[in-house]
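First chain written, first letter: the chains are A, B and C, and each begins at residue 1.
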Amino acid sequence: MSSASFETIATAGTLPGYWSGVLRRLGRDPVAMFALLVILAMVLMAVFAPLIAPADPYRGQMLRRLRPIGTPGFPLGTDELGRDMLTRLIYGARLSLLMGVTPVFIAFFVGSAIGITAGYLGGKVNTVLMRTVDVFFAFPSVLLAIALSGALGAGIFNGLLSLTIVFIPPIARIAESVTTAVRKIEYVEAARASGASALTIVRVHVLGNVIGPIFVYATGLISVSLILASGLSFLGLGVKPPEPEWGLMLNTLRNAIYVQPWVAALPGAMIFITSISFNLLSDGLRSAMDLKS
Amino acid sequence: MLVYVLKRLIYTLPVAFGVSVVCFLLVHIAPGDPLTSVLPPDASAQLQAEMRKIYGFDRPLIVQYGLWVLKTLQGDLGVSIATGRPVAGELRLALGNTLMLAVLATLIGFVLGCLFGFVAGYFRDSWLDKLASFVSIIGVSVPHYWLGMVLVIIFSVQLNWLPATGAGPGGSADWAWDWVHVRHLILPAVTMSVIPMGIVARTVRALVADILSQEFITGQRAKGLLDVGVFRHVVKNAAPTALAVMGLQLGYLLGGSILIETVFSWPGTGFLLGQAIFQRDLPLLQGTILVLAMFFVALNLLVDVVQTMLDPRVQRT
Amino acid sequence: MSAPTSARTALSTAEAGPSTAGPLLSINGLTKHFPLKGGLFGQSRGVVRAVDGISFDVAEGETLGIVGESGCGKSTTARLLVDLISPDSGSVILGGRTLGVDLTVRDLRRQVQMVFQDSYASLNPRLTMQDAIAFGPMVNGMARDKAVALARDLLARVGLDPGRFAGRYPHELSGGQRQRVNIARALAFSPKIVVLDEAVSALDKSVEAQVLNLLADLKAELGLTYIFISHDLNVVRYMSDRVMVMYLGQVAEIGPVDALYATPAHPYSQALLAAMPSMDPDRRTMEAPLAGDPPNPINPPPGCRFHTRCRQADGVCSVTVPVLHALPQKGHLASCHLHIPGSGHTGATPRTEMAP
């Protein structure tokens, strides 16, 4: 989705009562609602993992390594160290969701702050901020994430930091273009003519009218972030063993594809289901915001 | 036009400069002394001090950056710690392999994406549209490294039709366009093509639907104009944007090939990056990322210029 | 520059009437050029001379109309008056105090308020009407409950029942109602001057008349001074005491509205007034008085800016820039070589005849 359509949303779409209308339309979208249910299920699974999971995610027995799906006592088989797959997949939701959603969440705030500042102040501040953003935007996102976490080294914090840096530039760009559009509207000029400080104008007149479109854009990044976060762990960056995380599980099970191929593929399926759910929900939100439909 | 090209070129310079700074700093944000990236951990204090001088780590950062840029411009990207060979040489071979893979994947993705996108946009809101849209959503949502694994499971492990890894007998040095080698390319290329396919399909669908909803097209269809005429019009108007998206996707694939190359052990830049990360070979990491990022910057420039030439309405700044 | 300035001062004090202590607002040589970026190195490729050295006075209690084609600098002038954009040069003197010297932007804005053309875009879609009006006073230190009370009071004053309208959002109001709210918002500062930038242009004719009447009532009631910008010559005539004609960022002619409408001196004013739709079929315009669009303000023509479209243009017009010159027998000022004695224009009176 281009930034231009976000500007139309920002300038035409944020009437009071608009968001309740969006939610109402979203509620009537069966695909989006199904995606939402899946996401909620994943979140509940992550939160209540210790209550749901049948076994200990860390303890395995070498004697029962790589059992197939449907083994009694191990409905989804066991991994290369003989740990229960079902348990590890359930626990895996914790780190996978955390690593996927947190960077977008933080980047949403940082990117919005940068973009709104640049867009509202314009001029030299805009040039300096947006040129810096452009530099990071000049890297393909996967490459930037790998470059940063490759240099910083493995670990949850380094992974989160790298991914956050990756998602700040796109969000800052959208925030800047939406804010620039709103700044030119006359109610902002009228507010300036009232002698209000820049901070007050941004708080009262700009923020409420730009944050919605930026938020929707950010939701569209979550699925990319999930794939990237697990991808980092898959490469040996990000989460370190023996923590259960889907990307890392996929990595450690790679050599098992000749023995138990479908067990080895399970963690990836979890990433896929989560990622497509976020994408479908974001798409639904976007079309619910489109006043034309 | 010439002015636009020059302007775009000049705009690229600060970005390229920024990219080089980020790449340069990669070695310095790495935890610990940057020296640890070029020395074995058990090096003596005297050796450390000597090496520090040789590598220039004792000088101010700006001087270090200047020297690094000078060296880089002469094609010297430093020496890999793991192999002891020049990074530039390692990269040259790998870059060719990745380029081969990425170009093929982009082509497959572009053709399929255009097909899906066109069908979806042309028969908007029909079941065909829904199906095509669903396929493209899968394309952008699937973790491609996992898709690669699944394809290996199906076509290598279960059916034993195609090889799971590598670039054929003799490695990439002996590459030839025969079946023995090309069969190694099929699975990684198809896996990789899924991403551009989804994105191209989405773009083309939106373009086609937009063009078809324009009033004069509706009018022409109402007048009974043959679909061939409409089709030609759609292609003419959608092509510049679709091609631009394709160009950018090629850049993303070049930069993002690491996950797929790791799955298939394809001896490209991504594989090299994987090795660099695994062995904490910072010079190799830095050199590879610099070259890939600069490639992406140049490709962006090229896409913009070509797009402006094809479509004078687009004057991006 | 000095001769016409003194002439103007003499003229405006002569007719200002109630005010004896000089004009309420005095604009001197106000200039705003917008650089056109986009050269090879992002350098300036030229400037848009949006407002180019304009001077005028506004007396307390009067309404000054500003007319001109689109792109002549009317709206830029309006924004300069409330310092929404800063001038490149020139001074804004309000009540004897100079902006930037002994008058702060904040003080200026408190005393000079503005109403914009687009009633919808001027109101934050997320604020209720009473919050929109109360915003300004609160920013300037008024307590919330007092500001809200003031807002409701002002709503009543502009003819909107606060009980019905205070809690409404902009999209729930009609264009005329919204413009009333915008007027109320401007009034919340108790300003001396209200700049109305095409404030009624977007409204239906019947609604426009109601809002104009409201403006007239408010002016009488509160002793306001208006700067009324419009492209609609009939409306300007109805509202204004004096009128200023602008062309490509400069003042073509300025004077009392009746005199200027009756006997326009500048060929541009003549053409503009001739283009007015007339209700009288016998006075219907038979040919287009003005051909073409105004020239590009980026590279305005040398000499008199109007000479490229002027029927009475002469050799001097493309060379020398005419200055505003008092026309004693008409009671207004025009910047046209035709009316500057000794200018070299064949139609101008020779200098000797006009010598004092």
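For the reader, a short list of remarks on this structure follows.
What we mean here is this: a contact is a pair of C-beta atoms (placed from the backbone, for glycine too) under 8 Å apart; a residue touches a chain by one contact, two chains touch by 3 or more.
Bear in mind that the values here come from a model prediction, so they are computed numbers and not experimental data.
Of the two interfaces, A-C and A-B, the higher number of touching C-beta pairs belongs to A-B. Of all chains, the one whose CA centroid is most distant from that of chain A is C.
In terms of Cα centroid distance from the overall Cα mean, chain A ranks first. Between the Cα centres of chain B and chain C there is a gap of 57 Å. Between the Cα centres of chain A and chain C there is a gap of 52 Å. Chain centres here are Cα averages; for chain A and chain B they lie 22 Å apart. On chain A, the positions that touch chain C within their shared complex are 14-17, 185-187, 189-197, 200, 204-205, 208-209. Within the complex, the chain C residues that touch chain A are 79, 82, 84, 105-106, 109-110, 113-114, 116-118, 121-127, 132, 135-136, 139-140, 169, 171, 182, 185, 189. Taken together, the chain A residues at the contact with chain B in this complex read 131-132, 134-136, 138-143, 146-148, 150-153, 223, 227, 230-231, 234-237, 247, 250, 254, 257-258, 261-262, 264-265, 267-269, 271-272, 275-276, 279-280, 283. For chain B in complex with chain A, the residues that touch the partner chain are 14-16, 18-19, 21-23, 26-27, 29-31, 137-138, 140-147, 149-150, 152-153, 157-158, 251-252, 254-256, 258-259, 262-263, 273-274, 276-278, 280, 282, 285, 289, 292-293, 296-297, 300.
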